[in-house]
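We just call them A, B, C and D in the order they show up, numbering each chain from 1.
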């Protein structure tokens, strides 16, 4: 395997409703910033891959329009995943492993959720025969998982609120954060219930945004970045979707991915978890085997901003940034999609 | 009433699952600027400072160079038909009467054709290189539908050699 | 391009207008089970599944591979979704190849699928979007002006489009999986068919199909001990360019030319017409055959139609470079699978398993797909010998 | 440019999808419509999955319609959530529960709505039974909802 690292990360400010710019327009300056950070011209990128969803964008081929933002000329080597952009990063990593002539990659993700109602729209990723016609929204599905955790004696509503309080507190140091602040658990427990036992603070905000990560291999990475965030392990796995066929207190695919990525092989300083709902944070810490001294979501995690389809990639960027700046030596990035932690990706990033 | 109900004894072989999702669609800055101008009877374009091409509609970023485009300016509402097709097919959600001509119209002084209708002539008389001019509606709105269509001006056609590079 | 890899199993559904006998799961399983049987493998043997399809609006399910994880036997495994517009079936095969070439996986199942009968492609590919005037009419409305530009520039006679459609539909008669089987079809009938998007006639367009196509791609170790013949992958390439760009050549796009150059270099192809024994090229409207003949370097610019006219691309006429012996996209078009089918059919030819539409002794073949506004290209070269 | 100058419009992505269901889900829907009966499918190892799966999760082999077995129309709530403010897309206009219901004879749970007066009536482990629509068409919504078993 070649050594491949994240050498630059850029993201737009997380906004509840980006009124003026469309997806490609949000993305364009972010891509320019990432290239500038990496010290690369667009022509020096060997491979490009993006992640997005047509149903979130409200039109087919939404990724084609986004290509306008990155100047795909002369023709580029490029691909797209209908998935969170973390999977686009994975495809770049694979492309770089498979082909020694690919030394740099640009990954991007974008979403403008404010246009739709993601809570409802996401219902159409369920089983179209026996689930979608019911139109059970995603917060309700996550609430079924939250309740399962409580009933199994694995967590309480206070534990959920504590996760939110921690995230919002961490977000105070994140200049891109949409939600932040100091809240006590008792304060949070007075917030309105959306789908019991989940309250407002247990759920991610609606966010418009875009993010870009640049990868480089071996000597190229060393030349372009003083302290690249090396990808030491990366893996993704999936479980069946039907939540009635799963033990909702577990995320077996996250556990396998963490094991394959080698999370347990050393001390983890920081971890960024794509836990959309607070109960998922509790499940993931266990499945990934994160120790109590590991700082979870130093960026504020998903609760400070959730630019869906880019959210998982942001987790990679936030871990990498801290390694690049020398604030951490070893970090874990996690991404998920599907209801109740159905599909999970885990990566280990290191400064050495 | 579904077929499943009318054939009570037959096993169910299919289900109806309508999907309708609503969006509060926003057009973005470049398109909004463009359409606001259309509502005043103007067509906007802008130039890339790097490749020097004029884009219509105006873009925020050059799709080729990925650098911010220059300030939008008004371009003429006349030009040539680069190429076209005559649409004869009917499909779901269609709003136009067939047959109609869907054409790439290259406005004078610009480098990117606009797709629009060509009317006021027999569909079979439309030609590549034919000179056309916009016919505007009386009531303008922020939509390209403010231009009813493009009509032939009667000027001589442009020779293929003069617009080959835009095909 | 990393480790050597090969295709050792291929499975296809019968392509048809409406496959009413199956669910999405059933459709995919049909192709995948056949591919596994061909490879003499079981679902347990698969390390990773790569699946592709065109826009989710066609079936009205967002990221359907997630709910299909059970049918794909993916529990506890990696499942990966690709979507690169019309080229997606080809891109999916390329991503699957890279999963193996990278050394990460040894046995990958690749699937392209689409169940177009659940909606209507014209709507699903171009629904009305606010502030965008309803001036086009689906893919045909988009491509027809470029076809007109090709005809004008090359001075090609009208019968070329008709001939391609006739030739591919005749090829389809030799392929049991093809959607259109029209034994009585005549040139005259195509010529007299309605002009849908003038200059494109109904008879010169692809059908709308339900279908899936699956391949098992394995590393050299597994290909060497495979009981079924391997199709070795000699090269893969893809290119993308913007849809609308001032001065972009939409008749002979640069992306296609550069993609071909790249894949030929990897496979050591210097003269495509001579070096390839056959090709499976994405031709959804018949005029794209001469256009791609030029774009892919089989003919000089403006000369592609002459190859078609002479029968060079026809299996029935004993042409030296038969294109789309399977009947091509003109005879079967489940969009998301169409590129996978091209890649798989190329592999079948060099494996010698193409049945009645086999090109005698085929050793090297090109698989091709394109999508978007002639802006996304995916290609691979497969051969009977190890690269 | 001020935000109010940006063009916006309501946009609906809508199509009346019609899906063929195949033999296994076909049986499931037919039983709902004709017999007000819920069926599952028995895997090789004897697990009963509801709604019936098309693929055996352990062997990864295709399951046949012959393995379809009836389960009860009543069962136990394994998990639930109370939605006091139903969503605009949902057919349920009043506050209700979404629940995972393990029907008697099944090894997995079915996602559906439970209708009771208030959240206070919901508990994990409570027994519920299917309430059927009068006009059934072979659809998951032929089960109008579930209700507490005792409260006929």
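Heads up, the rule we're going with is that a residue touches a chain if its C-beta (ideal position, glycine included) is under 8 Å from a C-beta of that chain, and two chains touch if they have at least 3 such contacts.
Being a predicted model, the structure only gives us computed values, none of them experimental.
If you average the Cα atoms per chain, which one ends up farthest from subunit D?
B
Consider the two chain pairs A-C and A-B; indicate the one with the greater count of contacting C-beta pairs.
The comparison resolves to A-C.
Which whole number of Å gives the spacing of the CA centres of subunit A and subunit B?
The mean C-alpha positions of subunit A and subunit B differ by 37 Å.
Hey, how far is the Cα centre of subunit A from the one of subunit C, in Å?
33
Would you kindly tell me how far, in whole Å, the mean C-alpha position of subunit D lies from that of subunit C?
Computed from C-alpha means, the inter-chain centre distance equals 38 Å.
From the C-alpha centre of subunit B to that of subunit D, how far is it in Å?
Taking the mean C-alpha position of each chain, the two centres sit 45 Å apart.
For subunit B, write out the residues touching at least two other chains, lowest number first.
In subunit B, the residues touching two or more other chains are 13-15, 17, 19, 21-29, 31-32, 35, 63-64, 92, 142.
At least two other chains touched by the same residue of subunit C: list those residues.
20, 23-24, 57, 59-60, 70, 75, 120, 123-124, 127, 129-131, 242, 244-245
Using the touch definition from the top, which residues of subunit A touch two or more other chains?
19-20, 55, 58-59, 67-68, 71-73, 115, 117, 120-121, 124, 128-129, 131-133, 240, 242, 245
Thinking of each chain as a vertex joined to the chains it touches, would you call that graph a line, ring, star, complete, or other?
Its topology is that of a complete graph.
Any idea which subunit A residues touch subunit D in the complex?
19-20, 55, 58-59, 115, 117, 119-120, 123, 128-131, 133-137, 140-141, 143-148, 151, 193-198, 240, 242-245, 248
Sort out for me which residues of subunit A touch subunit C in the complex.
Subunit A reaches subunit C through residues 1, 48, 53-55, 58-61, 63-65, 67-68, 71-83, 87, 90-91, 94-95, 97-100, 121-122, 124-129, 131-132, 235-242, 245, 252-253, 256, 337-338, 342-343.
In their shared complex, at which residues does subunit C touch subunit D?
Listed in rising order, the residues of subunit C that touch subunit D are 18-26, 29, 33, 42-44, 57, 59-60, 70-71, 73, 75, 117-120, 123-124, 127, 129-131.
Give the list of subunit B residues in touch with subunit A in this complex.
Residues 15, 17, 19, 21-32, 59-68 of subunit B touch subunit A in their complex.
Given the complex with subunit B, which residues does subunit C contribute to the contact?
20, 60, 120, 122-123, 127-138, 140-141, 144-149, 152-153, 194-200, 242, 244-247, 249-251
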